[in-house]
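Okay, so chain A shows up in both of these, paired with chain B first and chain C after.
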Partner chain A sequence: MKKIFTLILICLISFLSVFPKNNEITVSGSTTVFPIVQKASEVFMDKNPSINITVRGGGSGVGISNLIEGKVDIANSSRKIKEKEIYQAKENGINIYETVIANDALSIVVHPSNPVSEINLKTLKDIYTGKIRNWKELGGKDMSIVVVSRDVSSGTFEVFNEKVLENTKYREDALLLASNNAVLSTVKDTPGAIGYLGIGFVNESVKALKIEGVYPSKESVNNKTYKIARSLYLYTNGKPKGNIGKFIEFILSDEGQKIVEETGYIPLR
Partner chain B sequence: MKLKKLSLLFLLTLIFSTIFAGETKYGFEIWSRYHATFENENEFVLTKNQIYSPRGYFTVEPKFRDDIKGRFTLDFVSLKDGVEGASVRLKYAYLDFSNLPLKNSNINFGLIKNFFGTIYDYEYPVYETELSDKEKVVNSADYGVSFNGLFPGGFGFYALSVMNGEGYKKTDSSVDLNPAFLANLRVVPFAGLTLGGSILYENKTLLSPESVDTLISDSLRMAYVGLVKFNYNFLSLSFEYVSNKIDSVEGNGYSGIGLINAKNLMNIPLEFIVRYDNWDKNVDNDNDSHQRIIAGTNLNFFKDNGIIMQLSYDRTMYEDTTKVDLNGMVFQMKWKFSNTIQ
Partner chain C sequence: MEKRKIRDGFATFLIHSISLISLVILALIVYDIFSKGYIAFKEVGFTNFIFGRKYYPTMDPPSFGIFNFIVSSIFVTLGSILVGLPLGVGSAIFLSEYANLKTKEILKPFIEILSSIPSVIFGFIGIVFIGPFIRRFFNIPTGLNLFTASFILGIVIIPIISSLTEDALSTVPSTLKEASYALGGTKFDTITRVVIPYTKGALISALLLGIGRSIGETMIVLMVAGGAMNFPNSIFSPVRPLTSTIAAEMGETAVGTTHFYVLYGIALVLLFLTLILTLISNRFIKNLKRE
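Right after this comes the complex of A and B.
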């Protein structure tokens, strides 16, 4: 009986080993990092037609979870991986390797008609926890504040939660949205709204506020005067090799970093 | 009456979590099973041929703050493989506090997970429960408090628990006054290799349900488990050795599982599994051990394993030659879904 099972096992492994994985790279995770990786993958695939890259969103938490379960090759994340996730990955035989590909300024945005143009971190926390509920308390119009946030699987949500809210509870009627684009669209269409976005999503349809007197920009992130800056990451199983290594090297190259800048984010150099 | 109480508790949890929690995750998991068993002394004789749902879990996980969460799980279980209908019982009902001074640590309080061996993170690669659960060494949940934490760099996990020691299934008939103490340690020296062990100590004093002045038994129980897990690319191997000693009577055994994940080789969501168990109820007695082989496949229909189809062949061989060996075929569909309300 044991011999039969051993034989079946050997045959099975041999049979399965005949089928190599094709030239596919799968990526999932942060919607903040998505535009960089999406654009970079298009350019990379033009240069390397035999390689196919699939990029999906879902949020940083989903991307990291997919990597831990071996479902994707690369996880995009707009937050640093957690200790618990590293432990789960190691148990699953995944050796987490981190690559920083860009920097970002978490931008606080309001409707363009809103006269308020500056805010400090304490006031921002008071707005998101419900202590301040009307713009007139901040010298603005007599208008209710509509709080717009990202959902819980988002790395942007976690960074904002940690750096601004210090893990206190959100206002119960806050709108929790699934993507940066959804936040942008809601703030654009709602005069009383306030939201937060990766800097790459900020455009003329919304107004970015100064935080502690500083605008979110490449300069203010590099000279560390902007208070809610962060890095953007790619996580892989071990140091990236082969096609995955080639793709990440491309993002880190001058051409890749130019794509980072074109998508509105802050390149590493 | 019990169902009414559970329904009330469930309703209160829903109301409580909806009002006070920042977000609440709801999840449902159902197993539907066809099970055929054959005895084969000289020829295969069909002795069981059933379709039933052995498990249904409904879970509510409210998150009050980032560092205070709860978990509440109802377990819908078929009694005697569905022959006697079904019942509902509470599986988990605990609060998880991670706002502790020690980083990456937390305290669970209530009807908590039992961190013995692999029972708390066993993911049912085959339809059967984990060895220590199957042989009734421990239950997967118990009333108590547990202090858990992670070592830096994902190097390992530890848990120290004080529990009732009676599990979550026992509700009457006898009263055990003494707590059970559990220590669990897992280390991951490098990605893919996990070494671990747990020890459970309990001074078990059973009193009569009719009169707490009547002592039924007073015994000392010591259970321990050692485990090794190896995960590399498409291959997962795990082995655990379990011992359960009550006074001078020791039962022990081991379980080994090998799994090949074809997803990592051919991008087909298929797994091939073989499990081998050996359990000796009393090492000092003859003719009370058995071996078991389960071999099968799992097909994951949707991403995130939303629907899994399991097909298994199962053979149990008894040391006692007067008992007839059993062969089983199991076809099982597991499906689950969850949603987070913010």
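Right after this comes the complex of A and C.
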């Protein structure tokens, strides 16, 4: 009898937890935006203990499709939402609202021993499409170029494609790696490598190149002189109100923007 | 009496339904992959999909040829067998025929531990140590390639092959071995001419299980195979097997696009490959039992 009672109790409890509570905010999407929102949610929950925020990764596409299906309140995205997705959302009765929370720049990185320190967008494109195959052609050592790229579905690749490749096909033998960290450790260990990384992932083990004469930095991104930069977005259903609104306001506040900077991205101000 | 019968009937029902659960889950998985994978074949076209050499899923216009991935999967698997089979069988023969009890007691747990290491750790070691080492050793542009992936997968399948082989070796009747010694055969003769032929069937099923593990392995190839979509022209080409394509792209692909269905199509191809392998191995095992 006691066992059955316990069983019923467990069932009841698990049923209850299925129903969403009002002060529950769910977030999913881009793994690039994830660290910012995760950190911000921790600080925000400390200040507002009654609100519970769950943040998941999954990728920009996943976040947006979750939002379209009404599964989450906020979608993180490292790319602008596509026309097709806005249209799908409308069909589901969801009105997409966009908030830019930070900027991100892609750093072009090479092995520290590489003498090349500057590159322009055209040359970069030629390297990735396979027109330039040896560092010699850029005034470097006689060493073949190992092209390192991110997976073609990642938001990071999407930005690189938009700003550098301009939809030209990249070399077939380009290494397509699954994460920023994989790119970092590969470039670090490969003298002939060139790769791109979110600016927050760059450390002294690799060498960041100047693009069109400009180093990636907060100033050069915000005044738009650094060319390979993007914005990071939060998407919601309609203009955020209530707790969701409060949370997004917090990310945009001075304190929230400080978190953006701490996690290695570029604050809006 | 009645009560006992009811109880027994209930228990039988319960156990039957539990065994059905796995069947139902399998059926659901197969149905899901078929129903979505089929759309990829329809939208891309069978020949373009299976034999296409270009894979640019996010370009405009996109291309979805997965031929190079199929070949890469097969090459990586073959390579892993070339590494894992001799090492696995060799270690099994050593353990069961040469090693004394004490050595065996020390060595065997190590092989078992090898099988319990999560594959992400192999991937990590591959990316941080083995890859750079292979790049320097062979003086090639990058250490993330077909060879490295095969090598690490080969190590991963050693315990599978070794433990199955060892089980089989222990079934060889001592009378057979003794007969061989009585005829003046050396230990080596006995192993190569008596023990191995006797366990042929088990060796083949060990091999097929190893292949199954290699072809389905995802994390390691995702981390160390390099991920390039080119055709593997040399053993040092960076490659991209089927599994890592799915793993790398599924998370970031918008649901309902052709790209999304293509990933399901790849899963269908993978399912088909492993199905063929299972059928072949069942065939072998049956034939051998008949012998």
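The rule is simple: the second predicted complex is superposed on the first by the 246 of 269 C-alpha atoms of A that agree within 3 Å, B and C clash if a C-alpha of one lies under 4 Å from a C-alpha of the other, contacts with A are read in each partner's own complex, and residues count from 1 in each chain.
Keep in mind that, in the parts below, a contact is a pair of C-beta atoms (placed from the backbone, for glycine too) under 8 Å apart; a residue touches a chain by one contact, two chains touch by 3 or more.
Here the structure is a predicted model, which means the values were calculated and not measured.
Q: Touching A:176, do we find chain B (first), chain C (second), both, or neither?
A: After superposing on A, A:176 lies in contact with both chain B and chain C.
Q: Does the superposition put A:70 against chain B (first), chain C (second), both, or neither?
A: first
Q: In the superposed arrangement, which partner chain does A:167 touch: chain B (first), chain C (second), both, or neither?
A: both
Q: Check whether A:83 is in contact with chain B, with chain C, with both or with neither, and answer first, second, both or neither.
A: Only chain B is touched by A:83; chain C is not.
Q: Kindly classify A:239 by the partners it touches after superposition: chain B alone (first), chain C alone (second), both, or neither?
A: It touches nothing on chain B or chain C.
Q: Once chain A of both complexes is superposed, is A:59 in touch with chain B (first), chain C (second), both, or neither?
A: Touch status of A:59: second partner only.
Q: Answer with first, second, both or neither: which of chain B and chain C does A:152 touch in the superposed model?
A: both
Q: Report for A:258: first if it touches chain B alone, second if chain C alone, otherwise both or neither.
A: It touches nothing on chain B or chain C.
Q: For chain A, what residues appear in both contact lists, the one with chain B and the one with chain C?
A: Residues 84, 88, 151-152, 161, 167, 169, 176 of chain A touch both chain B and chain C.
Q: Which chain C residues qualify as touching chain A in the complex?
A: Of all residues in chain C, those touching chain A are 54, 56-60, 127-128, 131-132, 135, 141-144, 222-223, 226-230, 237-238, 240, 244, 247-249, 251-256, 259.
Q: If we count contacts the way the header does, which residues on chain A are in touch with chain B in the complex?
A: For chain A paired with chain B, touching residues are 1, 5, 9, 12-13, 16-17, 19-22, 24, 70-71, 83-84, 86-96, 151-152, 161, 167-170, 176, 238.
Q: Under the definition above, what is the set of chain A residues touching chain C in their complex?
A: Going through chain A, the ones touching chain C are 57-62, 64-65, 82, 84-85, 88, 144, 146, 151-155, 157-158, 161, 167, 169, 172-178, 182, 185-186, 189-190, 192-193.
Q: Could you please specify the touching residues of chain B with respect to chain A in the complex?
A: Going through chain B, the ones touching chain A are 22-23, 63-67, 103-104, 150, 152-157, 186, 188, 190-192, 194, 229-236, 258, 260-267, 272, 274, 293, 295, 303, 340, 342.
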